[in-house]
Amino acid sequence: MPDPRFFTAAGPFTLERLAGIAGAELATGADPAAEFADVAPLDTAGPGDVSFLDNKKYVGTFEASRAGACIVHPDLASRAPPGMALLVTPKPYLGYALVAQAFYPVPAPKPGISPRAVVDPTAEIGEGTEIGPGAVIGAGVRIGARCRIAPNAVVGDRVEVGDDTTIGACASLSHCLVGSRVTIYPGARIGTDGFGFAMDPAGYVRVPQLGRVIVEDDVEIGTNSTIDRGAGPDTVIGRGSMIDNLVQIGHNVAMGPGCVIVAQSGISGSTQLGHHVVLAAQAGLAGHLKIGAGARIAAKAGVMRDIPPGAEVGGVPSVPMKQWLRQVAVLANLTRGKSTRLKEE
Amino acid sequence: MPDPRFFTAAGPFTLERLAGIAGAELATGADPAAEFADVAPLDTAGPGDVSFLDNKKYVGTFEASRAGACIVHPDLASRAPPGMALLVTPKPYLGYALVAQAFYPVPAPKPGISPRAVVDPTAEIGEGTEIGPGAVIGAGVRIGARCRIAPNAVVGDRVEVGDDTTIGACASLSHCLVGSRVTIYPGARIGTDGFGFAMDPAGYVRVPQLGRVIVEDDVEIGTNSTIDRGAGPDTVIGRGSMIDNLVQIGHNVAMGPGCVIVAQSGISGSTQLGHHVVLAAQAGLAGHLKIGAGARIAAKAGVMRDIPPGAEVGGVPSVPMKQWLRQVAVLANLTRGKSTRLKEE
Amino acid sequence: MPDPRFFTAAGPFTLERLAGIAGAELATGADPAAEFADVAPLDTAGPGDVSFLDNKKYVGTFEASRAGACIVHPDLASRAPPGMALLVTPKPYLGYALVAQAFYPVPAPKPGISPRAVVDPTAEIGEGTEIGPGAVIGAGVRIGARCRIAPNAVVGDRVEVGDDTTIGACASLSHCLVGSRVTIYPGARIGTDGFGFAMDPAGYVRVPQLGRVIVEDDVEIGTNSTIDRGAGPDTVIGRGSMIDNLVQIGHNVAMGPGCVIVAQSGISGSTQLGHHVVLAAQAGLAGHLKIGAGARIAAKAGVMRDIPPGAEVGGVPSVPMKQWLRQVAVLANLTRGKSTRLKEE
């Protein structure tokens, strides 16, 4: 059971209702009226809990689980232990996400401005929005309805924020327009100067960064991530994109909708991503590239050329995924006995 | 046009004045008295705007641009569309930087201490300095003139800051001396303990970190970057060095003037950099190394040995750039047909 | 001498007392009653200072040092300059750590809650704890004795913190239980949502993250590092583990005691580390792995498979250390003359 200090469960829900929420079918033998009070991982779930199996790595745990109900792919349903009620769906992780959201909806903001917040009198704050202690809201800021501005967050002058958006503790925003249903996690920095300067015998000369950051609707920006504003054009984070922690996005980057940027990745200035591009962890893209829609960049890859739509690449500098796997295999061979001969030829 | 919510343009300026500012010559046919009201990127500039061409990748955009004037290298001037006034200089990006600074000077601080800031009575604050709401200034702190301390920044006890320096929102400083005309971006952390501890059967034993961070004049330290103070010697960031976002600088690092450290790079403890060393993005230097003046470290490189002045290196572990490019080429060959034979020999 | 603005020395101490503190033996000829007033690095130490020699790279500096006393390994004692008093121990760095702690104990907190802090009336704050200006302490929070909560830190609702723990400036905590004698450095983020979502034709669907972060006793968490809370299980940081700056720890990661995670490393979700695992800088671990106790991961390595206890690995994807070094050597050979022939065969 999730720690009640931090989480409050809704429910209980009947199996029938849960199947509806999950978009799943009840397997034969499951009682539609049976009630479940919570979600839990396979290894700790009990008879009153709903669990899920998504990663095949955990089939053994599934077989031994005491969960009363489980959301599972049809291909793995037969591995269930006896007596477990099954919610069968080709997308068990999606099903679990929806069921877990039903049990644990995001807490609503507590409307009102803390007397310990600092809100400029020219700022416009929407109905139902919560502004926590220590938050600083600048001149001319516009914040929509039902937003949550967490303690010690800073929203710079004339920034605009849509509805139902959360700005985490100690995050800071400037020079940006943020959509609705956006989550900006604690410590994220949006809209700071891009890294632009020109050489001069007397030192580097700062190039004024005159663009903005546009954060479209339904975006998430992870903890302590940094997104520079554009130098002239804007930096754009496309609708529904998910950016993980400690990610760096350079000036003028334009990202289509639905991109996924995993932790500690970086995108250099002016690079353009189509929709649904995926960067795995610690990957990097050089500047001024075009990355086609649906391209997938492996963890730790370093991309120095344009990538066509749908391509998968890995390595530094990155090459097509199959070629990278061959490189890895060849290197392995060269260093297992073969290598000696090669060197002595 | 830059968004007037966030940027206020000075000007207009005549072409003659702009040429002076840019250090450029007016090409034949340009009217020195013509006035321009703004800067803009090539693809969105109109007849009243000044633009620039620096990266050859954008010559096509230049040829199609509607910009009234453009700062351009002599070699590319002939590619200009008819009617475009040209400001010709061998350093077009520098010229643009200076022109853009004329149109968009950095806004002056608004002198005064916010009643919602917390300034220790023993702190000395220079004339014309702005201290935002939520900023916390410790005991014995000395801050110079015309500085800007942004909201929720924290300046620890006895830290000293020169004139005309900016400390961004939610940044924190301790155990450091910061020069003049320095920009510390939001969320940067200066002066925290280095990562030093000794082994003991009972656990790790913290080694007191007894040095400082010295940030010389004209330095920039990027968003959410971290600079540890020295363990005994100081950590030193040389004059005019530019540090990008999410960079880690370990204890005792000494960096000469004019270094450029691109995003997500890291420098391990006690490594010394000469002047004008460049680390591209996501590069890493091991500890206790000497990196010669003007050395260039490629993106994602991992440096494990000293680097002579002026050298260029890449790869992990890093090797001279030419050798790295050969490694990449050889690996590519080994995995294109040749590889099969090699493995079967 | 450490800058007295930032550090206040205890002492002086006699050589005999220092030997006891360091667990060292006084070498012949050293006067046990001689007093020393400070510690200093070899190159700047004077006759009244105690220094240490740990890294053999600095033997030359040792030979030329003017330090009055030095903590040194028996094997290197003979290299000491004449007149230097020697504190001889097989663990000179540990000896120095203890001596330096005697001269420079961590300053005690200044008990009391700043009137400019915001502490929820339902929070329980232990005796001797200091809460700085701008800190925000949520509902139901429990903080132990002698803690230090620095300015502008945010401790979320119902978080629990043990005794003698420090939470740095601008750090933020939520959904976590933190032990005693823990140091959380400035800007660290503990307990935010893990990066978990499911695919859906209409967009990504957030999976509620229902676990916590458990930070065991004696842990250090570096500046601007980020630790996500578990998705269902908890994220666990084992007792005495040392986490450096800008490190990312994903949801459900479980780390045994005594792990060392160097700067800019990342650990993906659900990966388990035994005790005393070491990740060097900028390393990365994929998700759902098991890393055996005492395993050592080289800088910049990318680990994609389980690692047995005690193993050393390097490279991307990582291989056993010896194999990685052979790969590096083979590649070097292939690109020194041999490569041309190979390509032309």
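Letters A, B and C mark the chains in the order given here, with residues in each chain numbered from 1 onward.
Throughout what follows, a contact is a pair of C-beta atoms (placed from the backbone, for glycine too) under 8 Å apart; a residue touches a chain by one contact, two chains touch by 3 or more.
Nothing here was measured: the structure is a model prediction, and the numbers come from that model.
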Problem - Turning angle required so that chain B lies on chain C, C-alpha fit (0 to 180°, nearest 5) - result: 120
Problem - Copies chain A and chain C touch via same or different residues, half shared test - result: different
Problem - Whole-Å gap between the CA centroids of chain A and chain C - result: 27
Exercise for the section: Provide the list of chain C residues touching at least two other chains, using ranges where the numbers run on. Expected result: 134, 152, 170, 187, 224, 246, 264, 282, 316, 331, 334, 342
Practice task
Would you tell me which residues of chain C are touching chain A in their complex?
Solution key: 118, 134, 136, 140, 152, 154, 156-158, 170-172, 174-175, 187, 189, 192-193, 195, 197-200, 203-208, 210-212, 224, 226, 228, 231-233, 246, 248, 250, 264, 266, 268, 282, 284, 286, 288, 302, 304, 316-317, 319, 323, 326-327, 330-331, 333-334, 338, 341-342
Handout entry: In the complex with chain A, residue positions of chain B that touch it
Key = 2-3, 5-7, 39-41, 44, 55, 57, 91, 93-94, 96-98, 100-101, 103-104, 106, 114, 116, 132-134, 150-152, 168-170, 183, 185-187, 218, 222-224, 240, 242, 244-246, 258, 260, 262-264, 281-282, 299-300, 315-316, 328, 331-332, 334-336, 339, 342-343, 345
